[in-house]
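Chain naming follows the written order as A, B, C and D, and within any one chain the residues start at number 1.
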Amino acid sequence: MANYGMLINTKKCIGCYACRTACQRQNDLLPDEAFIRFEEREVGTFPRVRVEHVPLQCMHCEDAPCVSVCPTGAAKYGTDGIVEVDQGRCIGCLYCVAACPYQVRVRNSQTGAVDKCRFCTVAAEDGTKMCSCVEACLTGCRIFGDLDDPDSEISKAIVETGAAPIAGDLTKAKIYYVR
Amino acid sequence: MSENAITRRSFLAGSAGVAAAAAVGFTSFGAWQQAHAEEEAGEGRTEAVHTLCNACSSKCGYTAYVVDGKLTKLIGDPQNPNASGHLCARGYGYSQIAYSKDRLTDPLKKNAQGRFEAISWDQAYAEIAEKVSEIIEKDGPGALALVQDPRPSGSYYAKRFMTALGSPNSYTHGAACNLSKVSGITQAIGAGDWVSDVENSRMTMFIGRSYCDGIRPSQVAALERAYENGSRLVMVDPRCNNSTVFATEWVPITPGTDLALVLAMSNVLIKNHLYDADFVAANGVGFDEWAEAISGCTPAWAEQITGVPADTIERLAAEFAEAAPAASIEPSWRGAYGCAYANSGETARAVALFNTLLGCWNQPGGALLTSSAAAGKLDDPRFAAPPKPEGTLLGTAEYPLAAASMGSAVFAGEMAKAGVLKGMFFYNSNMAAGYSNPAYLAEALSNLELMVVCDVQMSETALLADYVLPETSYLERAELPEFGGGKVPYVALRSQVLDVIHPNTKSCDQIFTELAEACGVGEYFAFTQEELADAQLKTVGLDLDSLRLVGTVQFPEKAFAYGAAPKWNTPTKKVQFTSEACAKAGLSASPVWVEPQTVPEDGAFRLVGGKEAIMTHTQTANIPELMNIAEQYGLDRPWISAADAAALGIEDNDECVVENEQHSGTSKVRVTERIAPGVVYIPSHFGCSVPEQHTAYGFGLRIMDYVPFHIEPAYGSAMTQEATVKIKKVGA
Amino acid sequence: MTFEPIWNSIIAWYLFLAGLGGGAYVSAAFLRWRHPEAVNMIRIGRVIAPVVVIVGLCLLMFDATAGLHNPLRFALLLTNFGSVMTWGVVFLGGFTILALIGAGLDLAKRRVPLWLDIAAAVFGVCVAVYTGCLLGVCKTFPLWNNALLPILFLVSAMSTGMAAVLCVAIFRHPEEFNRVGVFKKFHFCLPIIELVLVASLLFVTASNASPAGWESVMNLVGGDCALAFWFLFILVGLVLPTALETWLLFFSPKEFEESRKAHWISFASDAGVLVGGFVLRLLVLVAAMPLTLVVPWY
Amino acid sequence: MEDAAVFSTLAQCFGPVGEDEWNELTESAQWSDFLAGARRLLQDNRPLGADGQRLSDLRARLPLQEFLSARELSALFAPPSYQEKSDFAARHFTGGLPDSVVPVESLHRPAHPTDPGVPAGGGYLGDAALYVRDVTDGLGLEVPPAFAACPDHLALELDLVAVLLRSGMEGPALAFLAERFGWLTAYRARLLGLDEDASFYIGLVDLIMGIVAQQEPFEEGALNGCAMDSVA
């Protein structure tokens, strides 16, 4: 049983939105349905200023607030540590959207149901060619892999870079940021 | 009343017998959706087809996956030198143009009341041909012109059509893109461009060029590798653009004064004998005259003009000298001196000369003069070129330095206004919105007797036209092979990914072939696009089917070799520190300081355009996937520096009035530290004024509304950033 | 990126009406205990409760579009008992049934058993507290995520419930209205408690570790919600009713208190309480800023 | 006029039709028969295709005035000439124009009431188009090449109802009617938005929506009925 997670190195993120549009093509999403949102921070003042782009998407928390608040059980823990949303059960009450501290769940403007990053790139583990956020990133910011396997690429990278979840231990998030 | 034949008539073929409809196969929509969803997950009938992205002129090669006739995922081809395995956001977004609800579906003619009506292709061809022959009789073929943004098939067919008619006036969009840059560099080194070997460089300077905003994936990767290898990467830009993520230094500069910076750095190299004297002596001519002419351009002098501290200029020049020859100034594209200022051409010349001082031509990490692959000579008579039209491109006399391959399209606009040009064809070009002042161009182009626009959707230019010919989207057509240059020359092919969606639309090769037949010059188009493509590929040892399978093929045997002594095909066969052509054109023989045309009076800001990573000029604004990003993150907002905003009492996201004599508009503004004071940045993609581009219409300001119509002396560019604006809070 | 509130006025109405329904039935139970003779007012309380709650539930279902498209899914609401909303559905369901029975019996002039009143009142309190807990568990919004919110919503629910009963009573049964002194005194002190609770809620939120708390409070106090907060909620919703009631209950002579004019003043103050109740729910929903949006994480 | 014929006529009003067919269709006897048939469909409470009441009680029915506005009525009673029809189509039933109102379902997905923000329509070849194409293939029919981009063109959808009725498949016809015409409200708004008078087409759209509403009670049965017997 793997426990999938992701590492995002914001030092290499140039804010080009390729991951968002690639994800929309890979998962056939609506134009206004984005599973990745972006924060931009200016550090310093003119002329010594540095820009940091921070992509945020579902952290697939092991103690997911969305799963705990979802009344219909639509949000649930799937296999290999991937948090899923069962589109057949969601009534669109948006409780999970409110409960998610990272604000990365979006409401489908057609069906009214809620959806989020599905870690679809797990399919690439067995070699299927995909244009998910990990493959599409122009500067290779993202590493996806099994956190339980110490010598997986992601585990080694986390140790090497000291990556940590974006908001500390707010939840047991499984996206580790290098900042 | 009994049933009779009429009311039983039906559109659905095969139902004449009516009763015969098989009673078996009807499923309700719900059941169908269920089955459809499962089947989609199970990867139904999937095809993978190689094509070239059409979202910008990089034309990255990618593989499109089609499931049951519907486009799904796109994956950049690793073997394509531009994509190198990736696509940018525009690539993914613009692929949806195929299904856009705002697409043109039938040929259109403007009726007497000025409204468009659908007509048949035959009627369109006949009427256009009649008008063309009428113009040729009255004013000769020279009264016709073509403006296009070159794409693989377009650059061949459209130009061949115009040449077949006998008109030399084939323009590209260069006058609003990189005309000054290419022309200026050609004056100095006889070539229009070079490739900076960024990843192997010890130092590279980017002037108004951001690899991470004007994205070509292979360049972003090269920049990242250079950054990781510890190369010194200097971004000279009024804006702290996204490439500063991979830069060691951001040098904010006053817009339009890059020439002063380059001259000052050159001055430092020459004065301190830090330049490659033997290389200059062996390859240059007129160096002493230039050295003398710029002796006054000291760093202190440059500081007043550019706002860059003198010691920074001194240091940069020294760092360049120390890093040479594995160092260069990147050629840039449109931003700083592509077409922006009265001194753009001269700036391009100075940059080329500066690289010569470094002696970095064809050196590892320096500036590489790479060659491009090309199709060999085609001996089949059908492909023979039409006779060369006599007379030269309109504007050659007025703007002698403008590169002939592009010509000054804005001058063509002026000629339309003056009535010299009577008929104009536009392919894949939205001149009226992007090349220069839209109000002026609208007036000028409506003066034409015949205006034909060929495009995928209605644009500002198409609105002005008499005839609009609908083209298929790039995914529904195959095009001629794209021969490209770079370290390893290559050829890439755009194959047809989707069946033609709107039956009444045609691909550009069909359109121009049938137009030529209608105009009586069909003999130059007696071949199909496939035949020509196959013939071209056979001259380089390939063929259409093999390339269709692979998408892109490289020619390692023609790869670039470091250290090769460059051949300068300038008139003097040397690097021209002094150019006789420039002197004849009324400029200084050697590039010296030229003041930009507009100097902001107090309270006004210098206006700069620029690129957002998700948009390509006005072409991608109507794509919902991309426009939704712009709306969500306010990417249309003008930028103003925190210092200026504080002085004007403006806070982030305030609604402000942006105005000058040309135009006035309101928009939320972005207050940021990432721009130099005294400068306002408006992205060059928004403010679409075409109602039927429902997604793009009326969103954001259009920068070109603020730019008056004027043309750069000698070079013929549109001077797209020679404008100033005032900003004040609404209600202030 | 500017933050768009997740829930809008429909959910604010749902929270307000659910609380009011609970409060109305508790008022009825209280009247039965302290003023058994005020039969009509008790009936008013019992009738208002189910009606208002049902309207709230319909609004909730209307807003949950995915559920609206396939109504069968609402049955799934009882799947996850770890979710406050599931408990909410239980309480609301129970309360609606009990309140309907209570109202039915009362309208049919049949005696309403005491245990039914007590059970419905308990469910009413649970519903009121549930509306607070619903928001309380969301860690995302510091303004919501603290223990004060359920209590504030409970007090507001009781206050708006009583106000509703009083408002109707003024027109339908003025004579009973004049005799329910104890009820009115209880009703008088609720807005004051609410004022204290709101003040402490703002202090607690403002001092939250993340600037999101501060931003939310600034939104309320000085930002774009300031007008609604100070004028509609504080003034009209709390201060004015308290002032008017103080004057009526304690300083005005007895006969004036029962005059038609005084009734109008009481009606105005109760209407203010109702407006304040709704605006409180709306502001809490709209002004809250999320944790990660504003947090410049270092 | 029989129900199927009413739908065929409606289809030919929206689709491209030859000059003589159109003239024959709109010459008085034929056209008033169509309007009578439509009037009957607007009022009979019987499922589509079932013959139910006979012609005799036609007079007792309410006149069309009850269902349409005066302007639409006068436009319906005076159908446009072939030239007017093709000019209107040239200006409005083609893509990419300022006032294109191409009658294709995928372009006009019905926005959900609580979602004013939903964009008016998606793009061509949406789910509706793929569904209608599959249904047409399933019935052994073929979408004409001119409609390749829009198998869910209003003309084809109306025509499909007519074909289903003529081949005795009342249940599927009813189900198809129930599912496929929700987008006409959004389309009608677009027609109203034109600065040109489109009351002929608005009248036809109102007729269709009236018929769909009238068939509402019978649709539940049909929807479940055919979902069950859907033979792949």
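Structure notes:
FYI, a residue touches a chain if its C-beta (ideal position, glycine included) is under 8 Å from a C-beta of that chain, and two chains touch if they have at least 3 such contacts.
Predicted model only: the values in this text are computed from it and were never measured.
A count of contacting C-beta pairs for B-D and for A-C identifies B-D as the more extensively joined pair.
Seen from the Cα centre of subunit B, the chain whose own Cα centre is farthest off is C.
Chain centres here are Cα averages; for subunit A and subunit D they lie 45 Å apart. Centre-to-centre separation between subunit A and subunit B, using Cα means, comes to 34 Å.
Multi-chain contact residues, meaning those touching two or more other chains, occur in subunit D at positions 112, 115, 119. Residue positions 1, 63, 65, 69 of subunit C each touch two or more of the other chains. Across the assembly, subunit B contributes 96, 624, 632-633 as residues in contact with two or more other chains.
The part of subunit B that touches subunit D in the complex is made up of residues 1, 3-4, 6-15, 18-33, 35-36, 68, 70, 96, 99-106, 108, 115-119, 457-458, 470, 499-504, 624, 691-692, 694-695. On subunit C, the positions that touch subunit A within their shared complex are 1, 3, 6-7, 60, 63-69, 73-74, 76-80, 82-86, 88-89, 134-135, 137-141, 290-293, 295-297. Within the complex formed with subunit B, the residues of subunit A that make contact are 11-18, 20-22, 24-26, 28, 31-32, 34, 38, 40, 42, 44-47, 49-51, 53, 129-131, 135-140.
Taken together, the subunit D residues at the contact with subunit B in this complex read 1-2, 4-5, 8-9, 11-12, 15, 21, 24-25, 29-30, 33-34, 87, 89-91, 93-98, 100, 102, 106-107, 119-125, 127, 130-131, 134-149, 155-156, 159-160, 162-164, 166-169, 172, 175-176, 179-180, 223, 226-227, 230-232. Considering their complex, residues 40, 63, 72-75, 86-89, 91-93, 95-96, 212, 215, 217, 220-221, 224, 240, 242-246, 250, 252, 613-614, 624-629, 632-633, 641-643, 672-677 of subunit B touch subunit A.
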